[in-house]
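Some notes on the structure that comes next.
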């Protein structure tokens, strides 16, 4: 069938390419990929299931299968008095941003996705969200600090404009600060903080915002320098931390870089009293490479079996979801289980609140207005720091020796931001 | 031997054995040229009768054809195996970003982006063209790494996270995709036709002389350095255009990806598998590579293992590649470069 | 860090670069082969050690007597199967064949052992450091780096003696100087070149083991290793082993000194130095007038 014919006004914008545009006008209409008929809603899901970021996505297939099995999804979505079957199409970025952009376009053009859900790091979510915004397809992202997601996709970051089709939920530098500073307060130190932040979206977002947060709380900030991802020699950074006598350590690197750096720190005798890390040691797989060096390192946790939340799809609790994953895979639970699950809760909420799933604008508006409680707790898209962003409240956790099933486990040691979560153990200094 | 009726036959003396004519053009070549024109016209119409689902894979294919032809311009005609053409792919993409950030229409700025890559290649050529063989290959690779790091270290270029292409939000999605498609087609056609025209010119003769024996070529009066420099800079110019088109297509670019050596892997395999030093070979190689990519990408690393093995096997056992092995024994030549001698009586 | 510390660390790190580069220098100096897969072969050495030490339950150091002969055998086999043919196949063939080999190695490693970053557990040695006071400043040096530097010195010294003082070395030098004459006087070139390739791969594997103990590696780590090794060879001077050592140390020093200024420029500084050398002194600082003269 023929797609929509080209509006004259749009054509005029292409006048820079006189001949082409003239040809277009002469011949009439450019064909689209064609709307799909039928009673099916297609949900595209994009995450880095292989490659260096695979740790983030190791539970994604399980969650997608779990969601497919819920009554809300097997029975189809009731939209505007009609029931639509739901199909979930899963795509892997291979941890490559170009590939992420490519699979997003495939989802839109070949699979005719009605919404695209994406998870895990700016390298995944930003290309996908960029394509969705340009193509006018609703999109929800998660597991990406909101600053890295929002500002780095702006044409002019100093003069940001809200997005129409793309939304997200997670948290940002303020929440990291709100989570880490109370933990630092509980260890007696000289209040000097070593920061290991690379030159990428996450690292620079922290570098911009951390000094102010630290100063407000009376901490001194020592920046190790904007090193390049993949650096293998950290001796000069470590020496700087040692000569400044840093007793607290914090970071947001790529996981392999932290493994290298933390080993070299041990070699060079840099042993901060408390290490609070971000972006690494979020997942059990990361702890294996470091072995005993991981003990009592603290990090943030936005989801876990200790969260008192239940699924908005079928009432399953966070603990049940984590245990179902462990028994299905034999592996330890990980935080992205809850986040990816919530993406599908949000898709269901958005579609069931509009008249037709084909009205992209209406679905996007429904996403912007969403406020519900699910397995990630309350997600309110209306009151974010910027439009279309819902903020989660993480808790502070430490890696402690496990009860035998797994060598190390995450235990909640600080709930300043999210008092509904129960404390599991006392905070212990990383290097007493 | 090709017996053609086309123009360009020169009666070349009388030997004891009879009369000979030196010919370049042939009937096959006339048919091929006419067929190419029809094919390009048909492809140009794709946005009107086939739609976006056909445009997307073709954009990828056109970019591969252009990259293969341009890599062949260096490797096949001037004897330069570069593993660093991704430097110009990235230079084109980031030049387009810079132009679009300044408010230029991204589609109108594609030639500017290509020119930026070409200009960049000129000073670089003075350093890298002192080397040859494996040393040239690794030095060009280092250059790509330098550019990657430079972009990574520039916060205004988005650092390691990459950037979205500004200025496309004003375009209707269908028109934007059609314009990208036409640009990709134009770049592919210009690359193939440009390399063909060059190969038939004095430059092509010089380049092949340099390729087969630089010392002998120099002693016969060929300006070896200048020929290599032309090949290098023109190839960089075209590769920059491909980089800009790819960016306009994906809308997102990131240094680790656009400056990745996997692009050189692809270029090398397309040219080696198709047939190095011919016009048809890289096109055939691009088609084979594209088909393999579509069919086997689900097998992940095994597909690249297979490509590596095929590249080695063809280099060692069939160095003329698929096209060379098929065409040479049968005297086929769709886009003839060299001259043929044939008897006329 | 203080400048003295940076210099000392730079020299120690440079030892590793020299170790990674000496095989490349050797194959180029003797066979005129630039092996694009050299870095990947080093990474293979690290993976081989990882697999052997976990399969046999041995500490990393004890697997070396197994790893090095295996690596040597791989080098010999590669020469007999690929390199020898490639060297006879015209100027482009060696580059294309070794590049194809590099792609195959990387992806076979991904297929067999996944793309997850790994590291080798060097036990107590990995975490031990020694405090040294030099020029009034205290430096903490890692024993592992010191061991790496000493190993590089030993390997380069050993290779020098092998080439300069033994009958095998004479054969190699004769072949390298004039291939046709060597053939004419009855030198069997294939075994000589195969042995050289074996030695080159064994040194690469050794460099890979040290890489694995000091940092993490993944199947794609070979590319950057090759680039650094190649830069060491070119900066030092093509085909000269001692030049390669000095080239490696230069790279280590530049890295550490650039890091003193700003850690983000470490790798870029090395690449720029390499380009400067190409532009100003393409023969390197210590070119071999005669490869490995006695």
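In this document, chain identifiers A, B and C correspond to the written order of the chains, with residue numbering beginning at 1 in each.
In the analysis below, a contact is a pair of C-beta atoms (placed from the backbone, for glycine too) under 8 Å apart; a residue touches a chain by one contact, two chains touch by 3 or more.
Keep in mind that what you see is a predicted model, and the values were worked out from it rather than measured.
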{"item": "Overall pattern in which the protein chains touch one another (line/ring/star/complete/other)", "value": "complete"}
{"item": "Selected interface, A-C versus B-C, where C-beta contact pairs are more numerous", "value": "B-C"}
{"item": "Chain A and chain C: spacing of chain centres that average the CA atoms, whole Å", "value": "40"}
{"item": "Chain B and chain C, separation of their C-alpha mean positions in angstrom", "value": "34"}
{"item": "Residues within chain B bordering two or more other chains", "value": "149, 153, 300"}
{"item": "Shared interface positions of chain A, touching two or more other chains", "value": "50, 199, 226, 228"}
{"item": "Two or more partner chains touched - positions in chain C", "value": "264, 267"}
{"item": "Contact set on chain C toward chain A in their complex", "value": "1-2, 5-6, 9, 13, 115-119, 121, 126-129, 131, 140, 142, 144, 211, 214-216, 218, 224, 255-256, 259-260, 262-264, 266-267"}
{"item": "Contacting residues of chain A [partner chain B, same complex]", "value": "3-4, 6-7, 10-11, 13-14, 16-17, 20, 24, 27-34, 50, 94, 96-102, 105-106, 109-110, 122-123, 126-127, 130-131, 133-136, 148, 152-153, 155, 198-201, 204, 226, 228-229"}
{"item": "For the chain A and chain C complex, residues of the former touching the latter", "value": "50-52, 54, 199, 224-228, 230-233, 235-237, 239-240, 242-243, 255-256, 259-260, 263-264, 266-269, 285, 289, 291"}
{"item": "Complex contacts: residues of chain B adjacent to chain C", "value": "75, 79, 81, 83, 126-128, 130-135, 137-139, 141-143, 145-146, 149-150, 153, 261, 265, 268-269, 272, 276, 300-302, 304-305, 307-309, 311-312, 315-316, 319"}
{"item": "Chain A partner contacts - residues on chain B that touch it in the complex", "value": "47-53, 56, 101, 105, 107-108, 149, 152-153, 155, 158-164, 166-176, 178-179, 182, 250-254, 256-258, 300"}
